[in-house]
């Protein structure tokens, strides 16, 4: 069965390593913070100016001056730090953040990503995404395998304006975990109960399928 | 050096049609509410606004968009601001969308006398069009230029009579860099104290960057996405 | 994220001959005294040191110069350090002298992922030799590149277990930018406190830049020019 | 009679204007702070990281962590701020400091200045001087008219390695105040009792001398 958003977040959380600083984008990526594996410690950076982002505040304890990049009210952990946007992107551009998780409209087999604009129709803006994808060594995309019309978003080439070029290392969708290398998607895991055939049929880009594709363990 | 002006009207004297304004804040967090309200009242038009985003439809810079006072926005994010998106898609509003980190760094560069710098952000995208590309350490970068403004309008938590500013939590965001890059920088603060009351070790924006400071009359501090958990 | 190491020896593990070190401080103010003493003890050689100056003959980085542990200095000022000047003039020591503001900005750039930027400082001087010149707003600027180091060694006033740092007064100087630019950044602090004790609003160096932190055993804090007035 | 160092500092202090931020170099320039004209307020920046530099501390109140760019123990005024070196030079390079006063070994008639190196003999380093002279709109040099060998330091062209090009606006020596414009020195004032002839004889660079050269009033 295809994963729900929580499932995707849980699977991505397995990628976290002890001691990492992590930037989580808006949407599914934000949920990753709820499923940190036991025994490891990570710290969350939000590009609007906090390192050490904690959970949502208790009702009545919201502070308009304390939000994340999604403009949600948050809390700060012990040892947290606030800073300005230039310092925040110094951390990001300077590769001090070990992992970036973000959403996408399209990803291509050479690691291109598009997630900020549909010409003539919709413009959200790139926000910090272009800085994040151009800088981070380790980028995981959390997304749905297909759009609402059923068309694959895992492509040979992106059709929408790009956010970054050749930067995505791994994609986690409701169906599969795929690595991107050598200009191809490599199927690593499939969602519990999802067949390799379904993944192949919903993937437009070149997909390398090994003999044995293990199911995710969530 | 006393930088105190008596109110928001005095603080904004000199702002005219066609000027370029930097406005601090991220979403509705850390925005100079009193100054924005005054800009609406003044009715200045054809403004170029440099601001990470444009608030929401009915608060923050969204108010200036509603009144059609803005000719051009230089921002990184449109997000959930429908009027911003509508004016942009219809071509009523010029928009220069740039990566958030480049925006922050370009403001800092403007204030710091650095006319241009290389960044990897935006390489291979629309953002890089017409910009010089150069490879450093095997990685392509694009040349970005400094941003400056006729007025920078920022919001701080505390300020002193010398113009020294301290921001609170994530309300700091773009305010410090914009304060550096304004020909005239106006700071509205929640609490204005005499010089010497703030710890000199703990100032976020040194007063040298601030020309006018005043205590804002009222701060609504609207929350855009109220997310909570239950006890 | 606990960054605490038990002492200076543990803090400097991995420093080897031929490495590039950034060392914070301005004159004898804000220098990592304990780490410098340990470097002398370790006897590592052929170091390239990036530091605004080299202390005095018998304190600060001057100690490393005396022991001939330094192959090259990248600094802005020699000043009153006779041994530094002597080794430079005799050719024993390679020296790259660069403007102080460019030095600070190049360290920041190294930490901030900005490989190069334009500055007016040094145009028309020796410093500009071999560097690209470009005119912005009618004024010539030169292209300066980022500096990075195998280790950055900084000194702070207070630090917490997460590596967050606060500096005191003008002992801040180059420490924050160097902390950003080290592949491994070591911070020695006068007072080490548990995470959560420092005000998150008032941190000068966020812990993300610091890999190792320890409380220095002893700080002599020598004064270079004691100037006083009488009551 | 030629001015002493204090005299030079006093004359330069007359150039200060209310509301200015001022950077004073090491040596004579430092003394300027003692002679701020009455009724005006200026603030002193020292490039090692303080705005609002006050007088020397009282004996016993020295703080090793509080020094100026000359490494002298100082105090901070009310409303002072401490910052790092990058921020300090952001102020300088960004032209937020209205006046820079510094010493020189040589100045030329087109405004070049040399003050950091005598090849093969002496190297002090440029410190912050190159940033200061390349950035400041308003630069006053405080210096002696001649070197110890009696040779003029007010030159057609500098012979020493330059610190900056075409940047000096005004020179105050023990003998004279000179403005630099149109590639020439312009004699503005002479020290009390010093003759125009003496100034001319000690100036190697082209010197424009008006009919009437007033004496300084100190």
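In order of appearance the chains are A, B, C and D, and numbering begins at 1 in each one.
Keep this in mind: contacts are C-beta pairs under 8 Å (C-beta built on N, C-alpha and C of every residue); 3 or more make two chains touch, one makes a residue touch a chain.
The structure presented is a predicted model; accordingly, all values stated were derived computationally and were not measured.
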item: Touching chain A and also chain B, the following chains; value: C
item: Pair sharing more residue contacts (C-beta pairs) when C-D is set against B-D; value: C-D
item: Averaged-CA centre spacing for the pair chain D and chain A, given as whole angstrom; value: 56
item: Whole-Å separation of chain centres (CA-atom averages), chain C against chain D; value: 28
item: Whole-Å gap separating chain B and chain C, where each centre is the average of the chain's CA atoms; value: 32
item: Separation of chain B from chain D, taking each centre as the mean of its C-alpha atoms, in whole Å; value: 36
item: Overlap residues in chain D, where contacts from two or more other chains coincide; value: 76, 82-83, 89, 92-93, 135
item: Multi-partner residues of chain B (each touching 2 or more other chains); value: 105, 108, 112-114, 119-120, 167-169, 200-201
item: Those chain pairs that satisfy the touch definition; value: A-B, A-C, B-C, B-D, C-D
item: Chain B partner contacts - residues on chain D that touch it in the complex; value: 19, 21, 41, 43, 45, 51-52, 76, 78-83, 87, 89-97, 135
item: Footprint of chain B on chain A - complex, ascending; value: 46-50, 55-68, 70-74, 76, 82-86, 88-89, 92-93, 112, 116-117, 120-131, 134-135, 161-166
item: Parts of chain B lying in touch with chain C, wherever the complex brings them together; value: 105, 109, 112-120, 134, 136-137, 141, 145, 166-169, 200-202
item: Residues on chain B engaged by chain A in the complex (per definition of touch); value: 26-30, 52-53, 75-79, 85, 88-89, 95, 97-105, 107-108, 119-127, 157, 167-177, 204, 221-231
item: Residues of chain C that touch chain A when the two form their complex; value: 1, 108, 110-114, 160-162, 164, 180, 195-196, 200-201, 203, 206-209
